[in-house]
Amino acid sequence: MNKVMTMHKAISRFVTAGDTLFLSGMQHGEPAAAVHEIVRQKIDRLTLVSVLVATANLLIGEGLVDRVLTGYTNQDERSYAVVKARDAGRLPVFEEYSHFGISLVLLAGQMGIPFIPTRSEIGSDMPKYNKNITSVKCPFTGEYLGAVRAVNPDVGIIHVQRCDAEGNAQKWGTMGVDVEGINASKKVIVTTEKIVDADVIRRDPNRTIIPSFRVSAVVEQPFGAHPMHLAGCYSGDMWGYYFDTGPKENYESYVKELVYGVKDWDEHLKRKAEIKPPGYFENFRINAVESDPIITGY
Amino acid sequence: MIIRNDENDKYTAADQMVVAGAHQIRPDDVVYVGLGLPFLSALLAKYTHAPECTIIIENGIVRTTGFELPRATDTLGVQFMSDQLTGLFYVSSLGQAGHITTGFIGAGQVDRYGNVNDTCVGDYYRPSHRWAGSGGANDVMSFCRRTITMLRQSQRRFPGKVDFITCPGYIDGTLGSREKAGLLPGTGPAMVITDLACYTFENGEMVVKSVNSSVGATLEKVKEEVGWDIKVAADLTDTTPPTDEEIRVLRERVDPRRIWVGGKRTPIGKD
Amino acid sequence: MNKVMTMHKAISRFVTAGDTLFLSGMQHGEPAAAVHEIVRQKIDRLTLVSVLVATANLLIGEGLVDRVLTGYTNQDERSYAVVKARDAGRLPVFEEYSHFGISLVLLAGQMGIPFIPTRSEIGSDMPKYNKNITSVKCPFTGEYLGAVRAVNPDVGIIHVQRCDAEGNAQKWGTMGVDVEGINASKKVIVTTEKIVDADVIRRDPNRTIIPSFRVSAVVEQPFGAHPMHLAGCYSGDMWGYYFDTGPKENYESYVKELVYGVKDWDEHLKRKAEIKPPGYFENFRINAVESDPIITGY
Amino acid sequence: MIIRNDENDKYTAADQMVVAGAHQIRPDDVVYVGLGLPFLSALLAKYTHAPECTIIIENGIVRTTGFELPRATDTLGVQFMSDQLTGLFYVSSLGQAGHITTGFIGAGQVDRYGNVNDTCVGDYYRPSHRWAGSGGANDVMSFCRRTITMLRQSQRRFPGKVDFITCPGYIDGTLGSREKAGLLPGTGPAMVITDLACYTFENGEMVVKSVNSSVGATLEKVKEEVGWDIKVAADLTDTTPPTDEEIRVLRERVDPRRIWVGGKRTPIGKD
């Protein structure tokens, strides 16, 4: 079934106020265009699960987030998004794990089991303040381990290099918590640099990280991970983005001009190219290196 | 301040930290590193005495070759020509299963028993200071055989007891406290490296092992910047200073673009 | 470090009597050449962990196996290997799981945790006869689940399409329990159709399933998975193999001629080509289909 | 024996089983199949009323296109041009997490409550008969929303109670027995298909739903080959017979090489 649709439609149809939302892309190829669309649509009361997703600060700053499952977030005054949320009485609850802990809550979700044991977090003070980290006795050895509770996000969004029209999605480069996160999610939105013919996918099916029947929507969105880099496609401007959305004035001007002031991501990119020095986007071009093909057949 | 941090010096206190970190990496080590000084230590070791060490980065990178020093943990340059690209779960599981020999982490604070606080000062719900949280640091300290903590030293950052244990060191310092918590024997903090000194652990308690006298530190100064009456190792020495060759490799090969001058990232640039 | 060595050396050096041995290749690309070498070296008292590895019957038939962790094995009179082992008083203990159960004991091993929860096996009679399947209470929901005990094989052997001299191994096609099995193993032997330049690996590092520091030995062995098929390389003759080693006479003639009667796998293949009808090996050639390359670079 | 198994007939009892299996596959189903008749059912459905169904095979295959019918579960032909190739853990986790709607398994025996025995008859340690064990069957029956068991029927294979539960049906037939064991609600055996009849479950107990009269079976014959006094559904019917078109697709497209004639694999050939 062809699932290709616009970003507007994918977000309005499959992301609902109150959802638990997984965002892929641990510092690599996050679904930035999709996040901007969620902000534009003001979908709120979200619970956020992600690891080091830069544009997640917009969701917090715009008061759309109730709770964040995280290993690492700027929660201090240096992040205006947090200050703005706090001033508006919309500061989320931060439920803190280690990074591995986040990958485990999602793995347990992917596996369909309610918890998973671990040796992380147990010697720390995190379990005291996070009721979803506890301890469990090994039924074989009798030893105590940590245990984290499974999470099944209502919707997971991933940005990938290529995907077919039905939703078979392929990503390469560092994978962060992408595989566990989208596979744990009940609904999945794939945004992709390029929709490719299904045969491109099928000539290298080991690279597929989620199969089509698990995917609700496919959105073709070139440069959809900018300001982050994406392997094989473009390098990034993470620190530039943090500067553009860090101090109050920068942040407010960014959301006014580049989120609410544009109708979609293509317009965002066009507007950003006007604001930034000439050659800003050209600068992200990479020196392409091709892999050797693999062989299949029978 | 007697510590050398002047760019005009042949090397700075941050350079000394990087070199001391590199010296902790053995030829066949599997090293977990994050952004900042640990990246420099790992690359310096790789380009000098440990060319075969494996470098692991939490986003899912496993590599045995050097790479262009990045401004962020995950960049296309750090990914490029890796031996293996995978995810956080896979590389952390390598750690949990005991395959990572040496881990490096930064720290907000470190206490007498090597516990690291990256979370908050004061009450958790009404902190007087907040850091960003564990990231992968808790995992590294929980799993690696030897964990090395690198931070700039001040009394405020070296309290007798941290308000929040983000990464368990020897917890309350009693014998077997890690194991009691469920952590595996043979893991835990091995060293703390600061701009002033290097510290090891004796019976679960931090002791001054060597003083960074090469950059002007003295034992007196070191003790001033510790929040408890710290013990000194019987075999206290000077920290091995950087050699000319090490500084040359650091400048010319590890960080030719001078991204991490003095241990701090230079302003914005393309990742 | 270059770890390339002969099969004889890899097996004699890294497989020891009494070891728990993981064999990769669930009906796809099993390390058949390595298994034959273990038989030739008569390394015994093994505990075997594998899923549907055809040549494992030789290890059982030759009396080298004490225990088998398995989801599926011919244990009846139709398999002469089992009859021979029983007659020699060398019938292994079969510790039975579901197939998913085997993948889980290995996953727990890979993760470094002593057990993992599951909803498989619990409603069956398997836990009554397998002390390494039990139940565990979820510390969050209070519900009871199944739990299987982790296994860390002493040595895991995998056959792959390509690997560099240091041990960075890449396999594609169906993966069975390969990833969990070799990553759970303490020592790893990689046998490969072809040793490739490290740059081939590094231009597609997402395909690496185990990194070099986890690998003890690399053996280049073309046709090393025959009689099984291997994606991109050759099709297989599984049923032919089962016929060749099923009935008593066939089995005894096979081990005499094609295991003990040859010094290594190249000789085995040569001898087999002589025994089989002309064109036997040519028949396994595939119609090659190439994947599109992926791009990396910066 | 009145059952048609003659190759000269237009279709055999095995064909009827295949077609009845195909009819259980809905257009958007995610179907788990293994070697033998279930492969034929899935391909027949894909080439007729369910072209968009997803086919999952335990070795790690996920595909939405047809494939050359194999002689073994995993062949290069079955792998070729899949949507996704991964491993047993991944596809089984899809099941455990509730994403596989319909699973097919074979069986050594099936009892009154749908429990399947693929392990042994008699004492576990001194069995009078041994099968090869669960394979993936326990996982399928534990996880899938609806599991369909296909086997040739005889009284010996339809005991009132199996000696060994390899795959849990409704266990002891009491309400909630699966849930009590830890299995998820909304899973379990949905149908049993034999050469004589199709069976569904009412309150956890197997009932005759339809008789394969198209191949000469009668209710009397069906009851003879069941090891307990089986109930009959109030709306008992004849099993929907294969259409000419279904037989044509089966012969010409699903199995043109006649590999699974009469439900049994033809002699050795190249995989």
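Each chain gets a letter, A, B, C and D, in the order it is written, and its residues are counted from 1.
We take it that a residue touches a chain if its C-beta (ideal position, glycine included) is under 8 Å from a C-beta of that chain, and two chains touch if they have at least 3 such contacts.
From a predicted model like this one, the values you see are computed outputs, not experimental measurements.
Asks: Looking at C-alpha means, what's the farthest chain from chain B?
Replies: Measuring from the centre of chain B, the most distant chain centre belongs to D.
Asks: Find the geometric centre of each of chain B and chain C from their Cα atoms only, then give the gap between the two centres in Å, rounded to an integer.
Replies: Chain centroid spacing, chain B to chain C, equals 40 Å.
Asks: Counting in whole Å, what is the centre-to-centre distance of chain C and chain D, each centre being its mean C-alpha position?
Replies: 29
Asks: Using CA atom averages as chain centres, what separation in Å is found between chain B and chain D?
Replies: Chain centres of chain B and chain D, defined by C-alpha means, are spaced 58 Å apart.
Asks: Among all residues of chain B, which ones touch two or more of the remaining chains?
Replies: Only 75-76, 79-80, 85-86, 95-96, 143 qualify.
Asks: Do you know which chain A residues sit against two or more other chains?
Replies: 112-113, 118-119, 135, 143, 145, 172-173, 175, 203, 206, 231, 235, 286, 289, 296-298
Asks: Touching pairs of chains, which are they?
Replies: A-B, A-C, A-D, B-C, C-D
Asks: In their shared complex, at which residues does chain C touch chain A?
Replies: Those residues of chain C that touch chain A are 112-119, 132, 134-136, 138-141, 143, 145, 147, 149, 161, 172-173, 175, 200, 203-204, 206-207, 231-233, 235, 286-298.
Asks: Can you list the chain C residues touching chain B in their complex?
Replies: By the definition above, chain C touches chain B via 1, 109-113, 152, 166, 168, 183-184, 198-199, 201-203, 205-206, 208, 210-214, 296-298.
Asks: Can you tell me which positions in chain B touch chain C when the two form their complex?
Replies: 28, 30, 52, 54, 62, 64-65, 68, 75-77, 79-86, 93-99, 143
Asks: Touching chain A in the complex: which residues of chain B?
Replies: 57-61, 71-76, 79-80, 85-89, 92, 95-96, 119, 124, 129-139, 142-143, 164-168, 171, 178, 181-184, 268-271
Asks: Under the definition above, what is the set of chain C residues touching chain D in their complex?
Replies: 26-28, 51-52, 70-76, 94, 96-104, 107, 118-126, 128-129, 135, 143-146, 172-180, 229, 231, 235-240, 243, 283-284, 286, 289
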